[in-house]
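In what follows, chain A forms one complex with chain B and a second complex with chain C.
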Partner chain A sequence: MRTRLQNWTLLLSSAALLMFPLASSAQLTTSDIQTRIGAESHVGNVTGHAKDAAPDYRRYCVGCHGDLGDGNGENAVWMQPPMYQQPRDFQLGVFKCRSTPTGTLPTDQDLYDAITRGFDRTNMPQWNTLSKQERADLVAWVKHFSPRWATEKPGTPITIPPEPEVTPERIKAGRDVFAKVQCWKCHGVQGMANGPSASTLTDDLGRPIAPFNFTDGSRPKCGDTDQDIYRIFMTGLDGTPMPSFADNIKPDEAWDLVFYLRTFMAQKSKEKEMAKQLALKPVDPNAPAGQQ
Partner chain B sequence: MRVSSSSLLRVFRFATSFAAVALVFTSVVLTCSQPANALPAFARKYGLRCSACHESWPMLNYFGQKFKDNGYQLMNDRDAPIWQNPGYWPVVFRITPIWHRVSVGKVQVDTYTAGAPDGGQAITRVSSSGFDLSGLDFHTGGTLEKNISFYLLPSSDPTGAFHFEQVFVRFDNIGHSPWLNFKLGRFELDNLLSEKRILTLTGNGGIYQTYHFIPQGDGNIFGQIGDNQLGIEYLGHSADDRTRISASLVSSSDGNVNLSTTANAYTAFIAGSQAFDLGRAGVQRVGFYLMAGDASTYYLTEGGAPIAGSGIANKSFSREGFVGQFYFGPHIGLTVVTQHGSDNVWFGQGYGNAEATDGNGGTTCAGPALSPGCPPNNFPGTALPTGAQAPSWNGVTFEGHYIYSPQLIFISRYEVEKMSQQANGAACTACFSASSGAFTAAGASPSNFGNISTYTIGFRYNPFMTSRAGLAWHNEYNWLHQDGTGPANLTTLAPTNLNTSELLMGLDFDF
Partner chain C sequence: MRNRYNLAAVLSLVVLICCGGLILNQKVNAAGEGKITGTVKLDGEAPHMKGIDMTKDPFCSKAHATDPAHLETYVVGAGGGLANVVLSIDGWSGSALTSTAVPVFDQKNCMYTPHVLAMDTGQTFKVSTSDQTAHNIHPLPNPMVNVGWNQSQPPGAPPIEKSWKNTEIIPVQCNIHPWMHGWFVVVKGPYATTDGNGSYTIENVPPGSYTVTAWQEAAGTQTQKVTVAAGAAATANFTFKAK
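Here is the complex of A and B:
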C-alpha cells in the first residue's frame, strides 16, 4: 500500500513530466542548442563553423545576447526602449535586415552584413575589425540558436532592378506613393517619426519601438545606400511594425519612394536639391486619394 | 614497518579526495564562464563587456583599438553625452595591493667585525620582500560632444603624491573622414605595443626596456617612447581600422610640464601599420615607427644653477623600428617590436639632462651645474673629449600571449638591448664615466657595456568580470641581466654584471 508521501511524490513527478515539454518549448536549453553546434554558414568562399565561434561569442556578444542567444545578457536590462532597443533574441530566428521576402529566413550573407555593419542607434557596433572567418563563424553560431534553420531554408533574395535616373517627376511620384501606402502614419508627413501612430508602435514581443526618423542624420539600420532603402520596404523589417510593401507597390514606384525619402534626409543629395526647386510640400493626410 | 590496509585505504581516500578537489578547483578556474570586463566607465556607457575591447585588460584588441581611434566612440550615433543617463559619470579608480620580493644580485655593503664597521666592504645579494601598494589612477574619459572626446588621468605614487599622467582633448572624424583626427595634450605616443596598457607590473617587467633603453652615462632622457609626451598628434585610419597612420609633434621634455627642461626643442614621432586578414590564423598587423628629434645640451645659468626653459645647443637623436602583431588562431598571439636607436655624440658624453629631472617634473640634482653628482652642461666653448663617438644600439621585444579565455591570460616576454657602438671609443683619454659621473674614462668601453636582457612571465586571472567592476589576480616573475653595471670587483676592480629579479603577486582591481 502506498503511503501519503509516495502518493504526493508520484503526483508531483507526473506533473513535472507533463510540464517539461511545455517548459522546454517556451525556452530552449543549452542541450537543445548544443545539438545544432554543427551549424555552418557560407559567405562568399568562406565557410563558417558554429563550433569555432564560441570564444568570440563569449568575448564580444554574450554580454547583450546572453549565453542562450535569447537576448537576455547581463546588460539587456539596461537597454530599455525608447532610448535603446533590446538585444535580438536569436532563438526566434526572426531578423529585421534581410534580402529575402518577409517571413523567411535571411541568407548567411545578410547575417554577415549585419555583423559587419552593426546597427546605428543601438549598442550593436560594427564588428568589421574581426576577420572574415570569425564573422562567418559567428553567423553559423547565430544560426545554431534557432531550430528554424533545421527545418527551413532561407528565402530567395529579392531582385532589385537597376536604379533609374532621379528626376523631379519621380520625386513627386514618390510623394504620391508615400501618401498611398500611408508611410506618414508612423514616420510623419516630414519623415520626423512623429506620425499619429508613432507613439503606439510595438514590436512582435510587445515592446515599444519608434519609427525611423529620416531627418536627424541617422543612418538606416539595414544600410544607407539607395538599394538598401529599396530593399527595406520591399522585404519589411520582420519582428517590427514595418511591413513589406512588395505586394502593394511596383518596383518603379519603390524607386520613386526611395528618391522621395532622400528629400527628408539631413545629408546633401540631388533629391534634396530638386525638392527645394520644386518647393515640394509634405503630403496632406486629409487629401483625397490621388490628389496630393 | 607494515602499514595496515585500513591506513592505506584512508590514504587512498584522502588522495582521491584531494585530487577531486584539486580537479574541481582547476576546472572552476579554467572553465568559469563569468562575463569579462575592463575600464568600467566605457563598459557602463555602452553595455559591452570589457573583453569586447581588451584582449585582457588593459591591453586592447583590434576592436578596442578601433574604438580608441574613433575617439572613444562606437560610432552608433549614441556616443555624445547627451544620450547618457544624467547620473552617468565616466570615472574609474584603479589600484593594486601586492606582495613582492625583489632581489638585487650584487650590492656593495659595509662589513662588520665585533659589532662595529671594520672599514671593509663586500659584495652581496640583497633581497627584500613584503606587502606593498601601487599608485592610484583616476581614469576619466569619454565624449564631450559627438566627435570631440577627452581623457584625464590624475595618477598618484604609492604615497599619494599626484601628477597628471594623461590629459588630452581629441577632435575626430573631421569632415566625416576617419582620416582626419587630432589630439592635443599629454598622451602616449601611438605605439602598437602600448606601454600604458602593459599587462605586467614589476619594476623592470612593468615597462618595455626597448622603449626606454639609453646607453650607460647617456644624458638624453627625452627619447623615451614609453612615456607620455606633451604635444599634438594627427591620426588617420581606414573605416575598419586595418590601415593606421599617425604623426606627432611633441616637446622634447619627456612629458615634463612648465617648460622646465629642454624648451625650444621638439621631437617628431611617425607610425604606420597595415593589418591583413589571414583566415583562420586571424588578423595580422605589421607596421613601423620613427622618432626623430633634438634636445638641448646647454642651459643658461644664474649663479651656476640652470634656468628653467633656457635650453639651447640642441643635438639630435632618433629611434626607429618595426612592429608586428601576429596571431596563430584564437588563443595565441605574439607581438614583436624592434628598435635601432642612436644619440648625438654630446648625449653620449652625459650632456642633455642638465637638470636631472626625475621624470615627473621634479629634479634630483639640486646643486648648480657641474657640481658633484650633477650632469655636465655644454657651456659655450666646451669641447668634446677625444675619442667620443655617437652611441647607437639595437633592441627587440618579443611578447607572447596565450589567451585561454577573456578571463585568463598567460604572458611571456623576452627583451634584449645590445649596444652597437659605445659612446667612449678606443681613443678616449678623458671621456665621461657613467660610474663616476666625471670625465675620467680612458679607452673604449667594453662592447657589451650596458646591454640588457630580460624575461618576464606571468598570468592574470579574472575570477569574475562584469561591465561594472574588475578584479585580476596577478602573478608575475621578472629577471633582468645587465652587463657591466654591477659594483666593481673589490679585488680586480673589473666591472661586473648585474642580475635582478622580482616576484610579484597582487590583486589588480578597478571600479
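Here is the complex of A and C:
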C-alpha cells in the first residue's frame, strides 16, 4: 500500500517536473490581447493594421498558432519535436530570425521576411502568395499578441559590411574562426549536426532541438543568402541554443566564416570548389584552443 | 530698519541650521544603519549529490581529473551550513539601487562560480569565462517578466556586462555543456548569499521592521520577521529540510 502511494507521488512529481518548462510559457486572455488591436507595422512604404488581419489569420494561421497566438492551435499536437518544431508562441515575443541583437525584438521587416520565406523543414510554408498589404497586416497581428511590443522598441539591426570576394585564403581563415569559436561543439567538424553537444540540446521551453545540418541539402531556417547566414550567427536564434557571436567574431572574420560554412553545404558553390582544391581537412576537436 | 535686517539674518540662520540639521541627520542615519545576519542550516543529512560525467568535453574532464565534479543543488558545509541561499528583504521600499558592486558570474572548469548569483534590479553584473573551451551563456527568464538573451563565450572572450529590470529567479544554462546549470536571483534592495558555512550578512539596512526571505533552489523559500535597531545587527537564522 505504502509503496503504491510512493509510486503515485513519484509519478505525480515527475509529471509536474516534466511540465515545468512548458508551464513557464505565457498565458494571456483574449481581452488582454484585444487591448492591442490597434497595433501597426511598417514594411517599406506599406502600413499594416492588426485589425485588418483577423480574416487572414483565422483562415491561414489559426490552425497551428491558435486563437490566442500561443502556438496551441489544433494541429500543434501533431508536430512533435525534434522531428517537427512546434508553432511559435507569439505571446512570448521571442523570435529566431532577427536582424537585431540577441534579447531584442525583431523589426517589422524581419517578421515580414519570416512570413514570406516560411521555415524550411517545418510546417510553416512560404506565404508569398498573400499580397504585401496582407502580410504587413499579419505582422501587426503577430505583434498584437505580445505585451513586449507595447513597452519595447525593436533592436537596432546589426551592420553587415559589403560582401568581399571569396578567396582560398578567406576560406582557410574561416576554418580558423570555426575552430576558434567552436561551432563544431554542436554542428560537428563537418557541419553534419553531430558535434559532442548535439544530442542534448533543448530549446527555451525544454523541448529537444537539433542543430542545423549543413550537409543534407536543407536550407537554414532564417534564410539562405550569404547575408542571412552572416546574420544568423551574429544575432543568434533567440529561443534556441544558438547563441549570438557578435562579441566574438569581427565583421571581416564573419565573412570568412560564411565562406567556410558554404563548403559544407550540399549545394554547388564557388566555395565548395575552392575547398576541394585546397584539400581542406576538418578541424581537429582535440587540438588545444588556438592551435589548429 | 535695522530690526528688519536682524529679522532677515535670524531667519536665514534658522533656515541654514535647519538645512544643516537635515543634511547632518542623513549622515547620522547612514551611520545608524544596521544589518541582518545569521546562519542557514540544513536539517538532517546532506542529500547525495550525483557526480557529473564530463567526458564529452576533454577540457572539462581534464579539469576535474583529480577533483570530480558534483551537482550543486545542495552545497552543505561544516555543521550543516547551507551555501548558495539568497536572503533578501520583502517589499523593499528604500533607495532603488543599494549597491554599486559588480557581481561576477564566472565559467570555470565547466561549472558556474558562484552557482547562485544574487543581484539587485538594475544592478550591473558580469559574466566571464576562465575556460579554454567554448560556452554559451543562456539565461531563461519568463519572457513576460524579463528579456532573455543567449551569447557565446569562446576561450579568451571578454566579460559580458548585463542587468535585469525586474525581480525574478532566473535559471541559467550552457547548451554546450548540459550539466552547467546556475541561477541569477534578482531581488529588490539589499541582499546576501550564504557562504560555504551557511553564514550571511545583509549590510546597510536602515532601522525598522522587515520580513527576510531566504530562497534555496530546491528546498524553497522561508520568511522571518526581524527588527533592526540603529547601528545594530539583527539575527535571523533559518533551517531548511532537504526535499
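The rule we apply is simple: the second predicted complex is superposed on the first by the 266 of 292 C-alpha atoms of A that agree within 3 Å, B and C clash if a C-alpha of one lies under 4 Å from a C-alpha of the other, contacts with A are read in each partner's own complex, and residues count from 1 in each chain.
The rule is short, and it goes like this: a contact is a pair of C-beta atoms (placed from the backbone, for glycine too) under 8 Å apart; a residue touches a chain by one contact, two chains touch by 3 or more.
The model shown is predicted, which means the values in this text are computed figures rather than measured ones.
Partners chain B and chain C, once the complexes are superposed on chain A, both fit on it without clashing. Touch criterion met: A:G118 reaches chain B, while chain C stays clear of it.
With both structures placed on the common chain, the touch criterion links A:F264 to neither chain B nor chain C.
Within the superposed three-chain model, A:W149 lies out of touch with both chain B and chain C [touch as defined at top]. Once the two complexes are overlaid on the shared chain, A:W127 sits against chain B while remaining clear of chain C. In the superposition on chain A, A:Y57 contacts neither chain B nor chain C. After overlaying the two complexes on the shared chain, residue contacts for A:F90 are found with neither chain B nor chain C. When the two complexes are overlaid on their common chain A, residue A:M79 makes contact with chain B while staying clear of chain C.
After overlaying the two complexes on the shared chain, residue contacts for A:W255 are found with neither chain B nor chain C. When the shared chain is aligned, chain B comes close enough to touch A:S218, but chain C does not.
Superposition on chain A places chain B within reach of chain C only down to 27 Å, the least C-alpha distance between them. Under the contact criterion defined above, no residue of chain A touches both chain B in one complex and chain C in the other.
Contact residues on chain A toward chain B in their complex (touch as defined above): 46, 52, 55-56, 58-60, 62-64, 67, 74-75, 78-79, 83-84, 118-134, 217-219. Residues 33, 35-36, 46-49, 51-52, 61-63, 65-67, 74-78, 83, 239-241, 277-280, 282-283, 330-331, 405-406, 466-467 of chain B are the ones that touch chain A when the two sit in their complex.
Listed in rising order, the residues of chain C touching chain A in the complex are 56-58, 132-134, 136-138, 140, 142-144, 147-158, 160, 175-178. Those residues of chain A whose C-beta lies close enough to touch chain C in the complex are 24, 26, 91-94, 102-104, 147-148, 152, 180-182, 185-186, 196-197, 200-202, 204, 236, 238, 240-248, 286, 288-290.
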